[in-house]
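Each of the next two complexes has chain A plus one other chain: chain B in the first, chain C in the second.
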Partner chain A sequence: MTTGGTEEAVTDVPAPRAAAGPEAAPRSPGTRWLGPQRRNLWFWVFVGPFAIGLGLFTYVPLVWSVYLSFFDAHNTVSPSGSDFVGLGNYTAMLSDPAFLGSLGTFALFTVFIVPATYALSLALALMVNRLRFAQAFFRSVFFLPTACSYVVASVIWKLSVFNGVRFGLANTVLGWFGTDQTAWLSTTHPPWYWLVIVTVRLWLQAGFYMILFLAGLQRISPQLYEAAAMDGARPGWQVFRHITFPQLRATSVAVVLLLVINAFQAFDEFYNLLSDARGYPPYARPPLVYLYYTALGQDQNLGLGSAGAVILALIIAVATVVQARWFGLGRKEE
Partner chain B sequence: MTEINRRRLLAAGGGAALAAGLATACGSNTGRGSGGSGPALSQWYHQYGEPGAQQAVKRYAAAYRKANVSVQWRPGDYDRQTAAALLTDSGPDVFEANGPLLDQIQGGQVVDLTAEVEPVKDDFHQAVLAPKIWQDKIWGIPQVVDMQLLYYRKSLLKKAGVRPPQTLDELVDGAKKLSGKKSKGLFLGNDGGVGVLGGTPLFAAGLSLITADGKVGFDDPAAARTLGKIRQLYADKSLLLGAPTDWSDPAAFIQGLTAMQWSGLWALPQIKKALGDDFGVLPFPKDGSGGKPSVQVGAYGSAVSARSSRKAEAKAFAKWLWVDRTDYQQDFALSYGFHIPARISLAKKARQLRSGPAADAVRFSADHGYAEPLLWTTADRTAYQDALSRIIKDGANPESELKSVVRKVNAELQRVKKK
Partner chain C sequence: MHDALTRAGRALRVVTVITLALLFLIPFYLLVRNGLATEREITAPGWTFFPHELQWSHLTEVFRDPDLPLGRALLNSTLIAVSTTLGTVVLASLAGYGLARIPYRHAPVVFYAVLGTLMVPAAVTFVPSFVLVSSLGWISSLRGLVIPTLFSAFACFIFRQYFLGFPRELEDAARVDGLGYWRTYWRIVVPNARPVFAAVATIVFIGAWNAFLWPLVIGQDQEAWTVQVALSTFTTAQNLNLHELFVAAAVSIAPLVVVFLLLQRYIVAGVERSGIDD
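This part shows the complex of A and B:
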């Protein structure tokens, strides 16, 4: 809706043809550069700062990182020619048991977190969707943890819920049943630290994916359920299996893709739950934590860290493409 | 009155945002002072927990007349912040360094301070000065000495019939006897000692991390035997794990969650206040016939950035504060936290260090103190700690684990010697 004569630009009638006619005055280079109605100028006023920021803080470091990956760049971002090592950093990284172990940790984490978050968020969405009253309240309650930072949640989990002494919440509850206190983050046999890592992320992100599933559920036509009921489908598992779940296919594909990418980016909860001023245990070190210690830690091995970052970026790209093709992401619904 | 249309409003908003963006981009907070007499110098410290320390260092800086020194007190991961800042021109002129590290020295990131320290070189605690020397040049001025030691609760040991451990075997046995359902015998940190112990058990076995002639110092069966005993502490469930605070904080010891704790000298005043005389201190006990008690000592050093545009002024200030002004050094060591002054002459004069457990600690640092050598790189430390974690927590074979660490350390020694 316009407000009158001051909205002269809204209609956007293309004027150049008239201006280009034999009677029209020739356009100056300045006018041409600025574009009709100074659109080029305004385009760059608005887009320029962000484009510059993107270039400076994303693409230049990216290209520089690839460049550094071919050098022995300890404590420097501008190595000299004598520091050139070719593919040495790549071979060192690919034969480094610690880096390969970190990829194993990521794989294990993905195996835990993707199905668990998927199942929990879908279950929450189904429950909230069925509520006859206070639906908005419960939707908010489950979504609210998404607003909490990973750092804060990790500190709460580490110090209050899963601390290893008798007055930690988990140990207090277990103590009522006569169980010994457990050092949740320090015990590797059994690996209780996974329980802490997985539950903190579940608490933080299940609400977000629940919202996605809720949106998917609300897109399913009620007529489908009515038709199913007419055909004698029993409410509950049978309807879920044959109607709801297949109808959520597109949402499910997006959720799984997002979950896997997020798992690759896992850093905050691992770092804040398990690191201390003196180090980090080798048994739960995902790739980003490993690269952080290699490149940005005191080691400052920026060449090796860059090689690791390139390898990791390639792995993520390949995994995403393969996964997208496997799930048929973007393919038209039949 | 002119009507403001949507386009003009957006244009004005965009212009204002651009102006604000440019203004932000042009400014940068380097921490340098904006006025005052003399050249401006920026000095960085990591965040000390002790109240008053920040005000003290600002007071020292304000007292310097030849430059306008601004102090930056940097919370968070200071060592990593500094390492990153040294790659740029916006870093500090003078800074505290947990080192400087060999790669920082070889990378030309810090300047030579030999001339500043030379006149009083022999007065420094030699164990902490040694890791600041590379190719006969001094790259950092030790500020204060920090050390680790074993605290034990006299009454709890007496009740359990355990004598203060003089050997590692006694420590293992005693910790087991002192462990119950509600408290444990020993606290070495929430990771079971992986992070804090470092080379201490190896020194206790009569070995070292890197020998004086620059070779691996623990390629010896005694190393595996000693680390196996640390595993025994874990397997016996004698270690406190998962405490709300870590080894550096004496809370677990004061609250009675553990009968013994490996912690720092800085914890001594807090423990004394809470427990009175019901505690004692020991070095890490020796192991084996060739063993000797050991305590790790270390010192933050004051260093000057090679990227500073005022290197001469920065060196002069570092010398003034950490070589000439012994009154400030004494004040910094003992008025806020609890550290041993890095200068032997000052440590001898310090009243607080002359009696009780504090005097014992000073004696341990002199008799049994070792510092991580300069050749012990971060990559070495990571490889060793990873192996230690697998030995202690997973029960991995100490001999095979140590063999892979020896290989890594040898490779690192080759790398740093090439430069």
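This part shows the complex of A and C:
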């Protein structure tokens, strides 16, 4: 991510603050606040509404959440002083096997979905990129699921493709080969529900990342391929390994970062695939599903839910910074 | 020999692409197929790929079911998606332009404050945001469903990146002609930056239409359900009317598929130019 504009903004500051005192500067206090040509005023006219909203609806909830996380706040959003529990909610959360299990579910989900989406979207991009006909058509087909919601996809997956009874598509097809019917979503040994959860997301998001890879592929200079051909590299695996893949490094980093961040926010498909009239099964609760039931379920334990949200936010922030460092993001060579 | 291998390889690739494309399209087909089949054909033990007779009456029937307020939900989703898109595009483009083009001492601080929120996914703040919205008394209201979602750091970032790469000459000419920041923005910058507006608007519209967690948390009364919440509530209900659910689901994605196919090139261009991998 480039930050070119900010340096420019810094160097364009009219005068150092020390020289802008009332005696030293001939300018009126109004000019000092408004800047030359009322630039400061205009800056806030443009950025102000957005910044105020962002502060109100992102920073205020964050701070409020931290505050609330120190209280035993059941069913209330403004706890009185007597309900103060200090770090009690945090210790409760961090020793709660269900919450820790939800982090485990997220970790496992990430281990499955990140490499699977990465590989599928890269493969789709490579294939579509080399097509000589109907390229736009195939790109559209793979990209189209991006328009579909997790709710709708879950309806299809849960009630048609992976239905536990005979009329499900998967069971019908397997039936041709004489295989027994499987209750996909309720079988935990082996964890067949996992197959349903992973494939729905794979279908929904692979096309989006394919577009990123296609953009990356188009930025690779044809001269590199010509040079490789001159050096006798065989088209196919060798060229991919020594030219294409290294050239896609920046795209790969972005794709992996986005995939991990999105995996962390998994809620829609878990909720829609697994919950039914009887409630949500005890397995496969990623952090957001767990927090949803803790904070907004019957118990309405908003203090505990806030503590969980703070812990999650910290984990995400640390993970993002570590990843960015690891991949050398921001140290981009110009 | 070598030629034959290359040709075989190409044929294999074409076959793979076509197979994958069919796999990607099957879920869409199932949605329509089950929506237009009779209840018995959906649940028949001898499941067939094609239903015998298409039940077009399901399309009107689904709007009359009092348990599934589809008409109302579609209206809510439309209102929310349109107002979220308009609001986000206006707010984020102004902020992006200010950050990219108006030199101000503290601009970097503001920019990093915006970037910082990208690190905390909106979904993780849903508990405190719920707390805030409920204390404002905005539960189950259009305000509660729309206003907190308008301040997209992602959209602001894309606009800023785009305006940084925008040719300065046009703006300089406008300034020489005596136009201020405001008029330069509306008369020169906006008309010349249509692709990025189209791209961000499409992405935001799709996101708002498909959003689930926030409408589920805030839209608690049936009158405030979006189409996603209505569908979800229906899948977890006891008496499931399968064909209705599939028709409703198909109806819910139809507008989006149309928007998507029409504006696809903007989304692709927007994603490619978003600078997220630069």
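Of note:
Methods note: the second predicted complex is superposed on the first by the 275 of 334 C-alpha atoms of A that agree within 3 Å, B and C clash if a C-alpha of one lies under 4 Å from a C-alpha of the other, contacts with A are read in each partner's own complex, and residues count from 1 in each chain.
Everything that follows uses one rule, which is that a contact is a pair of C-beta atoms (placed from the backbone, for glycine too) under 8 Å apart; a residue touches a chain by one contact, two chains touch by 3 or more.
Bear in mind that the values here come from a model prediction, so they are computed numbers and not experimental data.
Of the two partner chains, neither chain B nor chain C is touched by A:87. In the superposed model, A:277 lies in contact with both chain B and chain C. By the touch criterion stated above, A:258 is placed in contact with chain C alone, chain B being left untouched. Once the two complexes are laid over each other on the shared chain, residue contacts for A:47 go to chain C alone; chain B is not touched. In the superposition on chain A, contact is made by A:159 with both chain B and chain C. Legend: residue contacts after superposition of the two complexes on their common chain; A:183 is shown touching chain B, with no touch to chain C.
Legend: residue contacts after superposition of the two complexes on their common chain; A:296 is shown touching both chain B and chain C. In the superposed three-chain model, the partner touching more residues of chain A is C, compared with the other of chain B and chain C.
When the two complexes are overlaid on their common chain A, residue A:143 makes contact with chain C while staying clear of chain B.
Applying the stated contact rule after C-alpha superposition, one finds that A:229 touches neither chain B nor chain C. With the contact threshold set out at the top, residues 3, 6, 9, 42, 45-46, 49, 77, 159, 165-166, 168, 276-277, 296 of chain A are in contact with chain B in one structure and with chain C in the other.
Partner chain C is touched in their complex by these residues of chain A: 1-6, 8-10, 12-13, 35, 39-40, 42-47, 49-51, 53-54, 57-62, 64-65, 68, 77-78, 124, 127-128, 130-131, 138-161, 165-169, 172, 203, 207-208, 211-212, 214-216, 236, 250-251, 253-255, 258, 261, 264-265, 267-268, 271-272, 275-277, 288, 291-292, 295-296, 302, 305-306, 308-309, 312-313, 316-317, 320-321, 332.
Chain B makes touch with chain A in their complex at residues 3, 5-7, 11, 14-15, 17-18, 21, 79-80, 83-84, 86-87, 98, 101, 103-104, 106-107, 109, 181-182, 189-192, 194-196, 240-244, 246, 248, 252, 257, 377-379, 381-382, 385-386, 389-390, 393-394. Of all residues in chain A, those touching chain B in their complex are 3, 6-7, 9, 42, 45-46, 49, 74-77, 98, 159, 162-166, 168, 180-189, 276-279, 281-283, 293, 296-301. The touching residues of chain C, when paired with chain A in their complex, are 9, 13-14, 16-17, 20-21, 24-28, 30-31, 34, 42-45, 47, 91-92, 94-95, 97-105, 107-108, 110-111, 113-114, 117, 119-132, 134-135, 147-148, 150-151, 153, 156, 160-161, 164, 180-182, 185, 206, 209-210, 212-213, 217, 228, 231-232, 235-238, 240, 242, 245-246, 249, 252-253, 256-257, 259-261, 264, 267-268, 271-272, 275-278.
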